[in-house]
Amino acid sequence: MTIEEPKVNEWIQTLDPRNLDKVDWSHFHAAILGVPLSRSSISASAASENPDALRRAWKYFTTYNLDHDEDLSDLNVVDLGDVRQHVTNIEVCHRNIKEAMISIRTVHPQVVPVVMGGDHSITAMLVKGMQTVHSSERIGILQLDTHFDLRNLSDNGPTNGTPIRNLIESGVIKGEDVYNLGLHGFFNARSLKMYADEIGLNYITMREFRKNGIETTINQVLEELSQKVDTIYFTLDMDVLDCSYGPGVPASTPGGMRSDELFEAVYHTGKCTKVKAMDIVCLDPYKDRGEMTTKTAVHSMLSFLTGLKQRLHFTVIS
Amino acid sequence: MTIEEPKVNEWIQTLDPRNLDKVDWSHFHAAILGVPLSRSSISASAASENPDALRRAWKYFTTYNLDHDEDLSDLNVVDLGDVRQHVTNIEVCHRNIKEAMISIRTVHPQVVPVVMGGDHSITAMLVKGMQTVHSSERIGILQLDTHFDLRNLSDNGPTNGTPIRNLIESGVIKGEDVYNLGLHGFFNARSLKMYADEIGLNYITMREFRKNGIETTINQVLEELSQKVDTIYFTLDMDVLDCSYGPGVPASTPGGMRSDELFEAVYHTGKCTKVKAMDIVCLDPYKDRGEMTTKTAVHSMLSFLTGLKQRLHFTVIS
Amino acid sequence: MTIEEPKVNEWIQTLDPRNLDKVDWSHFHAAILGVPLSRSSISASAASENPDALRRAWKYFTTYNLDHDEDLSDLNVVDLGDVRQHVTNIEVCHRNIKEAMISIRTVHPQVVPVVMGGDHSITAMLVKGMQTVHSSERIGILQLDTHFDLRNLSDNGPTNGTPIRNLIESGVIKGEDVYNLGLHGFFNARSLKMYADEIGLNYITMREFRKNGIETTINQVLEELSQKVDTIYFTLDMDVLDCSYGPGVPASTPGGMRSDELFEAVYHTGKCTKVKAMDIVCLDPYKDRGEMTTKTAVHSMLSFLTGLKQRLHFTVIS
Amino acid sequence: MTIEEPKVNEWIQTLDPRNLDKVDWSHFHAAILGVPLSRSSISASAASENPDALRRAWKYFTTYNLDHDEDLSDLNVVDLGDVRQHVTNIEVCHRNIKEAMISIRTVHPQVVPVVMGGDHSITAMLVKGMQTVHSSERIGILQLDTHFDLRNLSDNGPTNGTPIRNLIESGVIKGEDVYNLGLHGFFNARSLKMYADEIGLNYITMREFRKNGIETTINQVLEELSQKVDTIYFTLDMDVLDCSYGPGVPASTPGGMRSDELFEAVYHTGKCTKVKAMDIVCLDPYKDRGEMTTKTAVHSMLSFLTGLKQRLHFTVIS
Amino acid sequence: MTIEEPKVNEWIQTLDPRNLDKVDWSHFHAAILGVPLSRSSISASAASENPDALRRAWKYFTTYNLDHDEDLSDLNVVDLGDVRQHVTNIEVCHRNIKEAMISIRTVHPQVVPVVMGGDHSITAMLVKGMQTVHSSERIGILQLDTHFDLRNLSDNGPTNGTPIRNLIESGVIKGEDVYNLGLHGFFNARSLKMYADEIGLNYITMREFRKNGIETTINQVLEELSQKVDTIYFTLDMDVLDCSYGPGVPASTPGGMRSDELFEAVYHTGKCTKVKAMDIVCLDPYKDRGEMTTKTAVHSMLSFLTGLKQRLHFTVIS
Amino acid sequence: MTIEEPKVNEWIQTLDPRNLDKVDWSHFHAAILGVPLSRSSISASAASENPDALRRAWKYFTTYNLDHDEDLSDLNVVDLGDVRQHVTNIEVCHRNIKEAMISIRTVHPQVVPVVMGGDHSITAMLVKGMQTVHSSERIGILQLDTHFDLRNLSDNGPTNGTPIRNLIESGVIKGEDVYNLGLHGFFNARSLKMYADEIGLNYITMREFRKNGIETTINQVLEELSQKVDTIYFTLDMDVLDCSYGPGVPASTPGGMRSDELFEAVYHTGKCTKVKAMDIVCLDPYKDRGEMTTKTAVHSMLSFLTGLKQRLHFTVIS
């Protein structure tokens, strides 16, 4: 019997820039996009190095998910490379990010974008890009995060502490269409929680999430949100992880999520039909240890794609 | 809506040494005291650096506990600075520690001392200080620890392996009034366990603690102890943590507590009316990684204060 | 009361090479053997340094297991030192390993070998050694591992990715007599899983293992396997650990086992009468942090010996 | 005899923000200014954390320079705190920096500013600020650096690769008035060197610098430059250090300066009458090891102040 | 003026495996070859990871050597990829290495091979390959090393401690044609030194090398050796570096070479007409810190190519 | 030819505690003594772990010094183990240290003690021990150190900042008989320098030491001191190293000595007939990186023994 061991780096396709016009976009299921921007972070961060760190870590993974007996190798996934960033003009960076999403959603709307940030400020730009293309759709957000990310934009502009507020204040998203899971500890001001209550934002703390069961809770949330909106944007802030599982985030905290809990939550999110985009943000590979947070991010992306494949009713023929 | 984000370092008050006589002690609920002593450790330890490490980490925390929807900012907490230590005379260090506790309990007995060690030898001095002031009270001990700390004093004097035995042999505490939670693995000699049995000391291993449920167990223990004694002294040896959660202890071990379990246990302890003092010991910031154990210690202190605030029937008016 | 604190390094006996003929082997219950070979690893590995790293870590442990109230000090355990390895001829290394096992099982079959690897290639040699001596016995394997270790030998010879396949293809072990627990994530090719199915190999993923309960599952597996075979060989690949608990493995992964789960599983394995040998492989102390994986390996060995002692109906008289 | 050991943190004064109008600026000899900006770096950098890192490291130093038998304690040095930065608008940051320098040079021109960056982009702003105030003066630059910092501004704006070109293209500085020492290896494109030649910029490679002697060379350069210009601005890019001496820079390189060579060069620079300002840039404390680069930066600042004091003809009376 | 900044990774060509027959080998000046073998190391080593580590570090370097004002961009250098290694048969690995050298020297003898090891055992194979092709030539060796590498082959086969002895015993090289520079300290047995004396091997200790001047000494040695032999093979064992400059070697030592000394020595070696091949061995990127030893190795390779270019009388036309 | 490679750990003898009376002390040339005390350090230090760290590092060294072509294997050196320390009574520790030296010098005065500290406080005890035995001799001190170690004993007792003052104030040593080499930077208060001047203590800064030549300077100092005193005690504080060469000291500093300079100085010290004892202090192996400071300490001890052997007119017969 032949043993074939395709690795993720061999499976994900890259585009030949000389032949972009010959690409048949219609057969892609998901498109990976790097957004190497972390100048917009409040704390010093090298999250800009994350897209390349994730790509380098692909080689550690096969395409086969043993937990769910699913092989990703016949899912067509393309790596589009990175959105071009400017060194000293963050506004230009943000504009480029939004336009990249517009371009993806316009030309090939069946492809699910999987975005490797970058800091959390990019989520506002990506969702705005989606909304520009699908202006008649109601978009909701599923957020795994230690923070609300509801800080005031008037203080320091569209930083990584503001994306959800940015989307709410600009009318792109309603507070009631945001579900935040994983909040915990002393890492959000009370005033932010009061603002969240005021706008009707939904949240479940890490403690409740764990108590009620990861699988049960995530599916309830996805169902509830699916009934409200047309499209769900899934944003995964890696700082949701406990610092023992995710040392590679700019300000890692104790009391957070474990990686097995994260993979469970992300897998079920991938299975949900209304989830049309995903991003992974705030991973600083310079702070990582033994690439463990990086590997956890890649595993999350692959768990999401496992769910996506099952949702698309694929059958593997061996 | 105004977003205010008070940080723990902005909230905890420090005393102006020039105006100590004008301080109105009556309005303080808790007093933080540093005890930078680790010369009394059996193994080499930089736990003496811990008080300053904790202070430096305060800035990472807001005053708002999202898990229990409680804001600490109207709890009045003062940092009294450090007890003066001697470099080459440990007896003098120990005397100063005892006297510091006597002074606190005498002048302002309503204030709950929260002591940042230092190694575990200081607990014997602090409890002796309490007993000197409240000589008619029966004092019990709740201990989260990987070890019994029941070693013989005749071998090497009052080291960090001896505090509980010190208190028992000096008649300050009865064996039956000590409850040790978190013991596990191969880190205590059988002879110590036999001594513990002999004096009627109570203990629950980490394995049982987890099996029976953290919340349930800690509350049963607190209730049982509350019925026996007038005052409970709570001592948290950070080495109770599993080495993946608490790398910053002189001899970290596998098989210990997780930080979410610790926060749960400490929060409920803070709520218990009879708990009148807390210490956090045996954290060596030089061994820490990314300040994770340090942050876990600060979080524990804040979880305790959350319980304390709820016990005091505070109401936050926004 | 006298406090005695025997440490593991004081308890485990070493042989005086000048007096080997005077050794009374009949009183030994277990024999520790080092196999410092990692040249046969696919990835670069310093697992060859593991036997000495484990020995150096013995001093951190007492002989008393508090979780199960069992003192190992009257179990007779001998450290036989290391099997001699060749620097540039792996075949010689493998032959020496097999012969060491033959020698142990021939001369003193009542002694349980506990082997400190080295990489996983050694397991094939050790089991072949056992089978040479006990040729009429049916041997089964209990494997805690992130991988199947079923790779093709024709590609690169008997590497650390091949031991189980090696044993199956050479007819030493039947596929149905192998039980693999702890597989998870994207770390095995689908083709390996199909081969496993083809040969009837049994496996339970980490996710199922945890869901069904560690204690329940391991005991069911041990019972099932005990009914099939005469002898169970227990192989513990340290890469079964989650990377936050076991950083010291050549390619640590997220989503794996926690150390408290591991100790539980290993303890019950030690109690099972048919388990006659154990190995611990693929621990690279150069990659470890604060000796945490090393300590976890020693703790696993001691947990196994705790089970072994209880199985042998020892009584400690104090 | 009384032993007094004043530390640098006790000696450097800080301003009480409530009493700024009562400050007598006339008695200050030097003013320290933090510029926590590193968003303008080409590579990810946490140089923004440097000002605070340097301040925290002051406590490791006494005020007494044993090499030159000089006590700094009667030099009056004030720490002005940090220039306020914006998180998402680098233009605002740069404007604030320039204005801070204008303010210092206008109100108290006798004070020598010592600026703790931040990345190298700030140097252009600081020199422009100086030139705004002293518009009739010819300003020259002494630069210790591994790079020319002559990159094109049109590509990515005023990044940390551009300050010298920025100053030349804006007419603030002439090429012939720039002296770069410490260039080495393969870290500058040939096109940059050709541009340097074109504008008449002066440079001495690290290899020549060492061959000709540090003390001799630096004094020749200072003399030559002093004859050309009215004012010398001294910019120290910490990446001039060899990576074994300065691990804490965003892209440290082999083949650079040793710290004893650096201290020698900086001390003589401090003694030169025409040197009116100094900055220390591109130190990323997150990349540092054991605070060694941080300590080297503080030592450099103190070596400069030693020279400054000797230049001012101070006499210490004991 | 246009600023172009070609990086080393953009300059070094890679072969398209589909078009190897169309490659015009005649225009290449140097060919880079990876040999990812470290199983033959006495100590555990991940030197097998070195070729890829060096390739990843190319991006940190421009093609322009500022110290010698030389641009490498019109030198034609090709990366041939890695020699295929076997996991469990070191003999096969060694045979492949020898054959790779034979193939290079046979087909395109004008190309200078620059080999990225691997451990030092590969040098014996590479020199044997050269001698096979150029059997009438007398080959000499210039070795920068902390060790003689004269260990007995009969003990453990052709390990990394044996290459020079291997070449001498097999008659490929005469003892008098070997020049070892950089030996120091207590890292060679006296018996090895006596063997070296016996066979007339030449050596200069690090202490003498430094005392007499790096540039002077290396040129004397090269001249002396050039007069004896037809071809010089240059082998650079990275363990020649002091441990503060080269932490990334399996057993780094104090008292060794500094990187500026190394670059000087290597540059002059590159200029010597008789030097026809170079290897860089015993760099373990897993032990490295901040890629500093890796960068030093790349810098050495580029310094060698700088000398090579000057030897070939290139003229850069700008 | 036979290749024998004796390692330092195989060469240094250890005493069998059961046969101490049968030991023939007369044939020993040097005796190694561990003093695991660092509780008396001002800063937190694990220098207590140093003796064992040095012993573990012996295996990295052969007995042959290539720089001076000297084999130590026929020098008789014995490791006496560690002086017993008390955990909570530093006075007892100090008394034991003094008595150990008295015992060595009384029973076998021809043996040169080489002491592995511990912190610098032990030097005062060791010299006092020597003086007790040789009360008629005038003892001088050669000190390699970044600090004077002249702090006031009345503040904190006999800490590691006080040994030289301790010896001077107690009349054991005269100020003029102390020679301190290696002082540099801002690491001593001016008041200490004034005290040193007052008592006539001799010192040469690192900058002068290097300028005048290590070999020349050390030999001048040794000659000068030899003319004054009967016996020279040599104390090596490892903090004399630059932080890039010696990261493993409690407060490492930039601007210090390089390891090749240190080995040169120590070797010549070993050759000086009047030098009768040596200690190595203030090395904290927990702060070390890759054992580099530890290896440097072992190399220093071996360099000293090389000088000692040459002084004793040994001849190696091969």
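Order of writing sets the labels: A, B, C, D, E and F. Residues in every chain begin at 1.
Note that in this section contacts are C-beta pairs under 8 Å (C-beta built on N, C-alpha and C of every residue); 3 or more make two chains touch, one makes a residue touch a chain.
Computed from a predicted structure; not experimentally measured.
Novice: Common contacts of subunit B and subunit C?
Specialist: A
Novice: Which one of B-F, C-E or B-C makes the same contacts as D-F, at least in over half of the residue pairs?
Specialist: B-C
Novice: Tally the contacting C-beta pairs at the A-C interface and at the B-F interface, and name the larger one.
Specialist: It is A-C, judged by the count of C-beta pairs in contact.
Novice: Rounded to the nearest whole Å, what is the centre-to-centre distance of subunit A and subunit B, using the mean of the C-alpha atoms as each centre?
Specialist: About 40 Å, centre to centre.
Novice: Scan subunit A for residues touching two or more other chains and write them down.
Specialist: 244, 287, 289
Novice: Can you tell me, using the touch rule above, whether these chains form a line, ring, star, complete graph or other shape?
Specialist: Looks like something else, not a line, ring, star or complete graph.
Novice: By the touch definition up top, name every chain pair that qualifies.
Specialist: Pairs flagged as touching, ordered by label: A-B, A-C, A-D, B-C, B-F, C-E, D-E, D-F, E-F.
Novice: What residues on subunit A touch subunit D, complex-wise?
Specialist: Answer in residue numbers: 38-42, 44-46, 48-49, 86-91, 121, 156-159, 286-287.
Novice: Under the definition above, what is the set of subunit A residues touching subunit C in their complex?
Specialist: Those residues of subunit A that touch subunit C are 1-6, 8, 60-67, 69, 71, 73, 244-245, 259-260, 263-264, 289-290, 292, 295-296, 299, 302, 316, 318.
Novice: Could you pull out which subunit C residues touch subunit A in their complex?
Specialist: Its residues touching subunit A are 150-152, 183-195, 198, 205-207, 210, 242-244, 247, 251-255, 287, 289.
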